[in-house]
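Please find the structures below.
Next come two complexes, and both contain chain A; in the first it sits with chain B, in the second with chain C.
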Partner chain A sequence: MDNREIKNILAEEFLKFQSKLNGQKTSTINAIRQEAFNAIKNLELPTRKSEAWRFTNVSWLNEHDFLLRNGNPDINLSNEDIEPFTIKDLNENLLVFVNGTFSEKLSRIKYPRDEIIIESFRDAEKRNAPNLLKHFSLLADYKNDFFTALNTAFAKDGVYVNVPAGVIIDEPIHVMFISDTRQGAVMSNPRNIFLIGKCSQINVVETYHTIGDNPAFTNMVTEIFMNFATHFEFNKIQNDKGNSYYIGTTQVEQAKNSVFNASTITMSGRFIRNNMYTAFKEENAETNLNGFYFMRNNDFVDNHTLIDHAVPNCNSNEFYKGILDDSAKAVFNGKVIVRPNAQKTNAYQQNKNILLTDDSKINTKPELEIYADDVKCSHGATTGYLDKEAMFYLRSRGISEEMAKSLLLNSFASEVIERIKIAELRDDIKRQVADRLTVDDLYFCDVLGDVFKAIENKQ
Partner chain B sequence: MIEEKDIVEELTTTDYKYGFYTDIENETSSKGLNEDVIRFISKKKNEPEFMLQWRLKAYNYWKNMKQPNWAKLNIPPIDYQEIYYYAAPKKNSKPKSLDEVDPEILKTFEKLGIPLGERAKLAGVAVDAVMDSVSVSTSFKDKLGELGIIFCSISEALEHHPELVKKYLGSVVPMTDNYFAALNSAVFSDGSFCYIPKGVRCPMELSTYFRINAKSSGQFERTLIIADEGSYVSYLEGCSAPMRDENQLHAAVVELIAHDNAEIKYSTVQNWYPGDKNGKGGIYNFVTKRGICHNHSKISWTQVETGSAITWKYPSCILKGDYSVGEFYSVALTNNYQQADTGTKMIHLGRNSKSRIVSKGISAGKSQNSYRGLVSVSKKAENARNFSQCDSLLLGDKCGAHTFPYIDTNNRTAVIEHEATTSKISDEIIFYCNQRGIATEDAIGLIVNGYAKEVLNQLPMEFAVEAQKLLAVSLEGSVG
Partner chain C sequence: MALLKIENLSANVNGNKILKGINLEVNAGEIHAIMGPNGSGKSTLANVLTGKEGYDITGGTIEFMGKNLFDMSAEERAREGIFLAFQYPVEIPGVSNANFMKTAINEKRKHKGLPPIDAMEFLQLMTEKAKLVEIDRKFLNRSVNEGFSGGEKKRNEVFQMAMLEPTLAILDETDSGLDIDALKIVANGVNKLSKATNAFVVITHYQRLLDYIIPDFVHVLYNGRIVKTGNKNLALELEEKGYDEIKQNANL
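Presenting the complex of A and B:
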């Protein structure tokens, strides 16, 4: 399928989509949808010739006819269906989206609407929520990015959170995106907006799941607006089936004294592309981007991050680690821009990888673009196999090679996983990693991790 | 310390020391590029037929190519039909001794401080000096000849050793490699050729000076160095060009071939005219440099880049052989409106191949300085090892320092480490120096030299001194 055919299909689909909209047709949001659709006409599906997609092939979009699958077949899921996807012991606000549409039946929102707005994008649009209209697509670059434009043109549902000033939300907001492919392949375009009022705190967990054996494609855009002294814990947990495809763009705008912490954990998925873009709008803000990917089989993960130091006195920290097994492939592209006058910037970037087989592959590119002089920026990238000395240490103490390998990988992973702030979630991820590595004794692993950290520090 | 002071003094009074223009009549090809011009160049140089065909083939490739725009450079449009592709000093009967060399040219070299004739012997350097396009003087040929070393211009090599040229030319940088390499392949005027026979250790540093002289004649150098099994050679290349307002195009190609157990050390001090303080004029330097390493061989690139308005240069190593070693040491300094996008590629194909990258970028004024590098480990390159360190130093808040490292790993036994930092000279260090009676400008000179020392140490002695001076010269006016 070439670009023209893609555009013809999209034109038809867009007409269909528009005809299903009722009262929302004249809203400002729909005007932006139209704009985004017009932008698609001039955009091409990214190929490997463009720098941002150099190692990332999206030809599967055609193979599975995803563009024709933007529907929402009648689906009836029960609480039992989503039971396996919940996080153990987590006291949460649960929002469930099935094929991109909010399911009120499956969701559990604990806060009354008049205090904290946690609702679906669709509901917010219906009632013309003023803040939604004001902020929709302020950050998303729907004019230049194909997939953002696609999402914007077809945006109809997602999470809308509007936290007033001075509220600390203890229970995490768990957003579950489910693709039910039992009736065929599915594409969904969830659109999320988070508005955090001054001095408020919020924890968000996003998980992705596929039911059925057909392929699913989730094309998501999330916009996060952080006010003065806000605190945002953002956790993306990607442990989906082998035939799920995901492209997600998260755009964050940070005001003074705000702190944005993100953990992106990717355990499986046929194709995953995470775009994480944060921009400092005011001084003294901080961003910490953590990532861990552990891919097997033929899976593919691509983490693109961009931290835009547009103003002085901001800190950013980026820490991504990955383990690649079988014929898994990973791409890491971290970019830090320090704009003119953004003095006293501190920006650190790390990417560490372990390849377990000769068929696995990693392409990493930690970039720095610096236009100010009074800055401290550094980046590092390593690729390697397991540390021979650490291996010997364990082997000489009678631990089998398999076990030693598992223990070392587990401690490699824990450095990132430990940074997850929600304890229940952290334990859950630890369990998942340990299960995959067939490590029984988590406690032993933790102790061992500490030992190696101590050795490293001594060196 | 006194010397440091002299340097700074010198800089503040001189703008571009090597900016002068020698008035020598030129014999030029007609303006622009077409098949006739290529035939003219080939005929002028009495080239064998295969060379002409090779050039024409390259030209036909080039015609269908587009100038690359992926680098972080702002390149003004270049009109390739406005350039003279061939200019040679008119007295083109080949000189047999120094007396026959045009005195004007000799004067030029004197100003540049090239050891030629007597001075060449004292300095122990064999210079194959190239002015514009035709090699005008060659020294130490006899001494090298005794060892079987061939060191001459490419034109001479085509005349006397066509089989070697035919075998190796384009074998590392094929004519289709990139836009500028194709252009060079079509129109290259002259350059150096060097062949070190099996097991011979070249007793002296071989060096060549390239200069751009004739008005608006782009210079297209082609260098080919072959180190046969078990041999060693150290090659120096130095550049400086007359001050000129128009932009001049320079698209060189350098190919190195290191056979089993051979070692090639290639050092460059590049000081083309960088343009004036307002970014007017200056040389466009688009260079393709690449070497291939066979088993147990080593190629080491060392470069000090201070000149050119635009630098586009990535000296690379293809580590084809097992246990082969590639090294890249670079200091790139940009000032005023200079732009540099430079770095290296280390392609690990052989088992146990190793590479090391040390890049030091210094940006001052309103310049943009980028490091762009690739470390790639193929599936079969077991136990490949790479270490890269790319540091950037910013002087002033109007300049930019950028790092674009690409690391592609396909083998689990490979160990790749990349490290980069960006910083400025801290106030504490300056204060420390001031306290001890060292003026700020001197202090910066000291610190920059110390910062670049790791790379400068790799240069041969005479070059290291020159390079230190160059760093200071190029930084002139950036303090304050």
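Presenting the complex of A and C:
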């Protein structure tokens, strides 16, 4: 299948998609869908000739018949089906999407709509939510980026959150994207929009899951608008099956004094491309991008970040760590732009990798474009094997080579995982890493800390 | 039967001959001091005994409680009862002291066919041993050696030794860089652990430590060989006269 064939299939799908839209056909959103579809016609599928896709091959797109499968998610899945995907003890607002469509039955939203809006994109579009119409595709580059155009053309559902000023939402919003491939390979294009009012704070967890043995392709776009002094904790947890394909672009725009913290945790998936793009629109804002990937088998993950220091006095900090086993491969590309007037910028970037085998591979690249002169910017990348001195130290105390390796890898991972702010999620990820490393006593030290504290308090 | 029996041991590092025929016998209940100038092979001997990689054994034998040491990996030697207090303890961020010790103790217990240690029992053991080396309990929850001062690192080595109760403990220049208070704490820890059933090999540069840990034997290692053996007075003699005479005699 070549480029033209893919485009023909997409054209047919687009006609089908449009025919089902009914009332939304004449909306401003649909006008953008049409524009995006026209853009696809002119855009090439990225090849390795383009710099942004140099190490990232999307030829798998030709190998499977990824189709939009709508169906009714409320009929096909039950609460038991999604139980394994929930996060233990997390008191959450849960929004479940199946093949890109919101499932009311499986979701649990705690907030009433008139105060804090947490709903599906489709519902928001149906009621012509003014803020949705105003913000849709303001940040997403659907005219130049093939996959963003694809998502925009087919955007029909996703999560829509609009938080008024001065609200702190304690319960995390867990957005669960499920691909049900039991009828065949699935493509879905979730589209998410977050609008956060002044001084408000939210925590979001995104997870991805595949049911069935056929491949799934999730092509997601998320737009986040952060007002004055807002705080956003964004967690992407990727631990899907070995035949899942994911391309996701997150675009963030930050106003004065806002703080955006992201943790991208990737444990498995056949192909994952995370584009994390943030831009400072006003001064004194902060972005912290943390990432941890632990890939095995033939899995692939590519983290592309872009931080646009467009204004002075902003801070950004990127910290990505990865462990690669078997034939797994990873890419880290961290681009930072410091524009000419963005004085007093602090921009730090670090990427550390451990390769466990000769067949595993990492391509890591900082891309710093600095046009201001009074800035502090640094970047560092390391790739190595386990520290031999530390290995011997542990073994000299009777700890087996295997266990010593697990302890060191676990500690390597924990440096990033500890930065996850939601305690239940942090514990869940720790457990996933510990399970993979078979470190049984992971929690012992935490428990011990509590016991010590109790003893101290008694005395 | 000797606890440790080294016969005619020679070893190379990167093709250089470092140990050139060492003979040493250590019995239970004894404290041996090994002294010698820089580069004489003291740390190499400690590393060869504990099974560190990167050393070519070119000749000789080492028996520990009747077993051939060369048949055992580093971790097996530790589980059988050999312990090395490192000259430069390694920092391990993200692994707490407590978790480290619990893992080590349980690996040793598994080796001996025992069930994992009970959590409360472990807690008591840690509290007791921490007192021995005057370590604050808060240290136990911190990452292994991370951000510890030199003295704290050395005390942590003695703490680990106390936790693991080795049959043969080798202290590799544990005294170097310690102030007198820390030195006394370390020595006191060793003295309290010394029993009729275990033995210590104390590698040191200076006689100072031996004011507090009284050795039964003092050996002088020079140029890969033990060139002189005596009692504690030998250490005092070396302190006074230096190694020049020994070097001259050895080079004859």
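Here, the second predicted complex is superposed on the first by the 433 of 459 C-alpha atoms of A that agree within 3 Å, B and C clash if a C-alpha of one lies under 4 Å from a C-alpha of the other, contacts with A are read in each partner's own complex, and residues count from 1 in each chain.
One rule holds for everything that comes next: a residue touches a chain if its C-beta (ideal position, glycine included) is under 8 Å from a C-beta of that chain, and two chains touch if they have at least 3 such contacts.
These figures come from a predicted structure and were not determined experimentally.
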For A:Ala381, is the partner it touches chain B (first), chain C (second), both, or none of the two (neither)?
-> first
Check the residue A:Phe85 against both partner chains and state whether it touches chain B (first), chain C (second), both, or neither.
-> neither
After superposition on the shared chain, which partner residues are touched by A:Glu51: those of chain B (first), chain C (second), both, or neither?
-> first
What is the contact status of A:Lys365 with respect to chain B (first) and chain C (second): first, second, both, or neither?
-> first
Go through the superposed model and pick first if A:Glu401 touches only chain B, second if only chain C, both, or neither.
-> second
Quick one: classify A:Phe412 as touching chain B (first), chain C (second), both or neither.
-> second
Looking at the overlay, what does A:Tyr111 touch: chain B (first), chain C (second), both, or neither?
-> neither
Chain B versus chain C as contact partner of A:Trp60, first or second or both or neither | neither
Name, in rising order, each residue of chain B that touches chain A in their complex.
-> 70, 379, 392, 394-424
Residue set of chain A touching chain C in the complex reads 387-390, 392-401, 403-404, 407-408, 410-412, 414-415, 441-442, 444-445, 447-449, 451-452, 455-456
Contact residues on chain A for chain B in the complex?
-> 51, 340-341, 343, 353, 355-358, 360-385
Complex interface listing, chain C residues touching chain A | 50-53, 73-75, 78-79, 83-84, 86, 89-90, 92-96, 98-104, 106-108, 111, 119, 123, 137-138, 140-141, 143, 160, 164
